[in-house]
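Two complexes come next, and they have one chain in common, subunit A, joined by subunit B in the first and subunit C in the second.
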Partner chain A sequence: MAEAAILREGKAKKSFLDELREMVPAGNLSLCLTCGLCSSGCPATGLEDMDPRKFLRMLVLGMDEEVLKSDWPWMCTMCQRCVYVCPMKIDIPSMIFNIRASRPRDQRPKGIRNSCDVAVASDTCSAMGTPVEDFKFVVNDVLEEYRAAQPEFADMEAPIDKAGAEFFINQNSREPMTEPDEMVPLWKILHLAKVDWTYGSKAWAAENYCLFLADNESWETLVRKKAAMADELDCKTYLNTE
Partner chain B sequence: MTFAVRAGLKKFNVAHNFETKNIYEYYGKWIREGRLKPNSDWNKDLKIKFTVQDPCQIVRKSFGDAIADEFRYAIKQCIGEENLVEMIPNKSNNYCCGGGGGFLQSGFREQRLAYGKIKDEQIKASGATYCIAGCHNCHAQIHELSHHYGGNYHVVHFWTILALSLGILGPNERTYLGDDLREVNVFHPETAL
Partner chain C sequence: MDKCIACGECAAKCPKKVTDTFNAGLATRKAIYVEYPQAVPLKYAIDAGSCIYLKNGKCGFCAKVCPTKAINFEEKPVSVTLQVGSVVLAPGFSTFDPQKLDTYQYSQYKNVITSLEMERLLSATGPFNGHLVRPSDHREPKKIAWLQCIGSRDINRCDHGYCSSVCCMYAVKEAVIAKEHSAEPLDTAIFYMDMRTYGKEFESYYKRAEEEKGVRFLRTRVHTILEDRNTQDLVLRFVDEDGKLIDERFDMVVLSVGMETSKELAALARRLEIELNADNFAATDCFSPVKTSRDGIYVCGAFQEPKDIPYSVMEASAAACWAEADLAPARGTLTKTKTFPEERQVADEEARIGVFVCNCGTNIGGIVNVPEVAEMAKGLPGVTYVEENLFTCSQDSQEKIKDIIEKKGLNRVVVAACTPRTHEALFQETLRDAGLNKYLFEMANIRNQCSWVHSKEKDAATAKAKDLVRMAVARTRLINSLGQPTISVEPSALVIGGGIAGMTSALGLADQGYQVYLVEKEGQLGGNARALLSTWKGDNVGERLAEMIARVTGHQRIAVHTATSVKASSGFIGNFETVVSGGGGDKVLRHGAVVVATGAEEYKPKEYLSGRDPRVFTHLQLDQAIAAGDPRLDSADTVVFIQCVGSREEERPYCSKVCCTHSIKAAIRFKERKPDSQVFIIYRDIRTYGQREYLYKEAREKGVIFIRYDLDEKPEVSDKGDTLAVVVRDHVLGRKIELHANLLVLAAAIVPRDNETLAQMFKLSCNSDKFFNEAHAKLRPVEFATAGIFLAGMAHYPKPIEESIAQAAAAASRAAVTLSKESITVEGVVSHVQQFMCRACGECERACPFNAIAVQEVEEGLRAAVVKEALCKGCGMCAVACPTGAASVRHFGDRSVLTMVETAFAAEA
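Right, the complex of A and B next:
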């Protein structure tokens, strides 16, 4: 009787944890000491009645359905502080990324999805969909205005597509689109320091929401466009401004 | 965003002929090389206190404490060493502000503000009235935290403070400065709109 009671038919169904182990080989998922350092130092602890340790235990216990149903993976910012303090270096943020990715794309948060989609559809990779011509116009318009108003900077440049420049500088869309005067202090600093730099007419946008959407294909598309632009201009350094 | 490019190039094996860097390490370099000469005299009597948000993507996830230290070197040249007050913990051990990871775009506003409470309390505890935030997500989130929790501290990009200390910050480039800095060291005040 007792033997019959513990007999199982076939193999246990492969759990989400097994899939994660394959996706995140460096995740060290079985090494968790349950010490709770991750949770005690995580600002997302308590949101949605969840915390990083609980999240990991639920995965280990095979509570796949509950984990996949939770919105908590969208409230973890994947900031990696839990990995930084973990004695076993368990990579919880990579699990979060893969859990985000396992949700059907059309059910992921609309705001992030739209920002990703707009960026992928735009030559400039801008999440605000800024067209190439609009960017060129705004940059040159602001530049002219400041050259005239502040004669010490009459020679200042804001080059676009300058081949061979040392730095390929990216720019968050927020400045050219909503607060163009905010681009100016940086231009002046670069001018005074005699920095040889350029924007690209394409792929200048600094933001990348496809990473947050956990959409690998779109993330890759954006990275390839940005790398291609910097290489096309033969720049030595891709310089992030954020 | 620094991490998306660096991690993306590696993850997707994208062949490329450039190095990926963040401007945080260059501000200090250009100052050391004498190419930029910021002056902190404007803050000698004002003694306005600044704290600095270490963006997770730039510090912990990409370049570590070294870039955070280099960034502080540049900040101190601009505001005076005694006017930088640190959040605790900081650098690679810093708390995320809650603006990253898509949180600002995800629609979970109430949870995002709850997440940010710890950051708000850190800033208040530092006693600073200005927080330097280099990343746009940090900037937007901390700005909202300041209003939501009533701390009323200001959030600024570093380029604003560096340009102020170089004496080249015009009147229309001061969107994020408070009234206490609106009239300080103004470059071409006659161009005010």
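Right, the complex of A and C next:
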């Protein structure tokens, strides 16, 4: 390997890991046994020749520059399979979140950033920018089609803005926009279970790319908008389908 | 319970099958049962929760078939009050329940089992008689994986931050045994974090498993197990050391579950008012490792901390030592001695043999035609009485045998029944009750070696039973009474070595009332401990050592001989005579037992600039520098530790056991005194077993960085002027790291002293690493094969203070077994030499494993072999080695053995 050796001289310097430890005080970030359990379960293992164990190791060894340069943290799905099994309960997802947040917003991945920006700008909170009318049209159109084609579901409903419904149910934008039939199985279940539910015409989108962008402010804006819609309709329970 | 003869008729008839918890639920047993074949006492018991009679009042089959009327359904639990002077707790441990680890699906996937279930699968007395099959389809597995640290070293999925100490070693053992049990080649893989084979001979076993047996060791952990629904095979997903994802299919997965204290046991501890530590183990300190927080209550085994069998056994004897010291004034006040009538002299009588043929219920009688065997026996020469019994071993049969011996004037007895292993002592006692010497007895094994193995060939079994009885009777005509000489015991001990182990043994014996001669080669007591700062639990070694030395030197029954060495020794158990030489010249000491506690020493490394650069320290040098307040320690910005310096290498293949803990303890100290220093530990496996694991965690928490190296790429150290450069490859990133150390600490091996001299003097043996060999690693861990000599401390193997102390107290306890007797009775079956045939060649002396026979001058100008009966175990090695036939073993002389052979091959009379 022609790679230069990692050099550690003199006293311990304040490193990025120290900052992260302050940000995630219950995250046990120093306790790594390098056992590999996290990497064995991580869907991002092997991407960029990186995995959670290697990434945390770079932080432990003070390789801050390489850590901050790496795009690997943006490949994490926040699924939490790592911390679920880690014998030292190291909160890798929170660590990744804070590493993302430490990058200037304009240098974060464009796709995620755009999705967040579009959602914040949209009444529906949709990362795809789906307008209110389009959503209403697609839902009703698909509903009518199934009612006609499947007589046993002739009474099935897909309410929008039904005030006082028990459940406020959100919806990932991808289905109404690209795979509308994929919405129907859930409707059928809710119908058969006689669940009193509704979509909102606004703020119905389930996805929240601002979380993945580590943009706390926008993330909060979206969550508040969605909660407010459910409150406006006087629903008792917000049911997140994401 | 007294009536039960464990014939098993009850269990054979019992209609109620229940899950066999001893076999980890892999098999069934009956509602009346013995828990396992080795149970003591071997008596059947009713599981009241399952018994049909006790639940519904109907059934009672067991009572109907029991030949001795031993079953009593009315028996109720009773409370007994005992007045005792001390209590020893040895309640053991429970295994971690892996059901809550949902990623491994132990309760859903049949082929995911625990290591305890694996033990039963591999056991000859297990559910499949040792035939290795997997639970789902009873097919032989071709690939088995072991997953380590299930319920250990984990603060997330369970609350057990400690290491369970034994799982690495048992997993290696299970993998090796599983391979041996497989007809087809078996692939075994162990998934682990650190391989903790730190015990005596463990590292070499681990290496053999890997290199010779082909057990695979994968340093990684499995995230999830997925079951193939059709085949019930299991797919394991893991990354390799480079971070590459791998899916591998196995037939079976064994979860190496850890040890814990059960809730019931914790509740018992609260009732006993003894303190438990945070992990619910009994709290103890390193200088009194088996004393609980409450005076008079002692603890041993895994209830103190997870541990293996050898150390549990040592602790058990240690607990006995301290309990014995408490009770010393009361010793013997409650014991009763059984008396026997005076023995009849039978040497001049014609043989009058009684033969008792046992049916053993249907065990023998159902296969062998017992009446025919008995009838045949009546016609044999020397036989005057023959009887068949349903159970010859029952209590009423003993009374009957005694009666018949007296009435018929029998002078020898043959019992044709089960096995002498379990029943010889019982019948011998009956003979003694009837005034016969116990050696006038012989047993023919017509059950274990006949009816059980030939159950399908009844006629042949009967013929064989007759042969066995004819052989036994023929031999019995030739046997005679044997004397059992007694030898007196000198109630004092010689303890060689005045370190922590030797002083502990000395105090243990002196506190029990025995005189002790403590011999130390150096000018002062204390040994290696004089250089140590603190134990891993933080006890101040200097202070505790001073207290110990004060107690030893002030003890009226301990004579301390410093600057003294052992020159020569002779004699045997109970009667040793040893010459020691010190400042005042030679002195002869007479003593009944010896404790060898000569310790070990730190290896003087040649590697890593050691001895050439003042910035390079060993552990002992570091502790001494700290004690001396060396200013270089506090000013160091970067401190590097290198582990396994001289250990676990070709030249010295064993693990020195204490170095990981010692380095980590020291690393924490550096970080505490100077948080902005950089501290690195370069290691191969971190072996902080038991609760020492918390030190490892604390070190990481404080920022100590651990870098692992392999033997084929050791760290490189070079002098850079101001600093020492240490270059090592990082085990996770695969990249080289260059450290600039102000201090370099080497975890130098612990090496044996010159043990050969003592070994020759006392006829002791050493292992290939030159540490002394105990008689048996598990069953007799503090005894030598030579009777009356005991072993403690690092002369046995490297170990920390608490283990040296436990072993030393154990040695004292075992030595006290001898010293507490006024005399020792020697077994009659010993070797003897016919002097006129002996030509003093010494073959016997070389062959004897017990130092029991030696050539010496028996009278002026005549040399011959002489047997020390006190040491002889009657093994017969000397008789085999003897070229002239001068040496032979009493009771098993050539004539009586050959007569059996001739009888076996003679045409039936």
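Please note the rule applied: the second predicted complex is superposed on the first by the 210 of 242 C-alpha atoms of A that agree within 3 Å, B and C clash if a C-alpha of one lies under 4 Å from a C-alpha of the other, contacts with A are read in each partner's own complex, and residues count from 1 in each chain.
FYI, a residue touches a chain if its C-beta (ideal position, glycine included) is under 8 Å from a C-beta of that chain, and two chains touch if they have at least 3 such contacts.
From a predicted model like this one, the values you see are computed outputs, not experimental measurements.
Within the superposed three-chain model, A:Ile112 lies in touch with subunit B and out of touch with subunit C [touch as defined at top].
Shared-chain residue A:Cys35: touches subunit C; no touch with subunit B. Looking at the shared chain after the overlay, A:Cys235 reaches subunit B, while subunit C stays out of its contact range.
Judged by the touch definition given at the top, the superposed model places A:Arg81 against both subunit B and subunit C. In the superposition on chain A, A:Leu211 contacts subunit B only, with no contact to subunit C. Looking at the superposition, the partner that touches the larger set of subunit A residues, subunit B or subunit C, turns out to be B. Subunit A residues in contact with subunit B (one complex) as well as with subunit C (other complex) are 41, 46, 81, 84-85. Remark: subunit B residues 1-5, 7-9, 11-12, 14-23, 26-27, 30, 35-36, 55-58, 60-61, 92-96, 98-103, 105-108, 111-112, 114-119, 134-136, 157, 159-160, 162-163, 166, 168-170, 172-173, 175, 187-188, 191 touch subunit A in the complex.
Across the complex, subunit A is touched by residues 103, 149, 153-157, 193, 219-224, 237-239, 241, 243-245, 637-638, 675-678, 680, 697, 700-703, 705-706, 708, 723, 727, 730-740 of subunit C. Residues 41, 43-44, 46-48, 71, 74-81, 84-85, 109-112, 115, 146, 149-150, 152-153, 168-169, 172, 174, 179, 181-182, 184-186, 188-189, 192-195, 206-209, 211-213, 216, 219-220, 222-224, 226-227, 230-231, 234-242 of subunit A touch subunit B in their complex.
On subunit A, the positions that touch subunit C within their shared complex are 1, 3, 5-12, 30-37, 39-41, 45-46, 49-51, 53-54, 57-58, 60-61, 81, 83-89.
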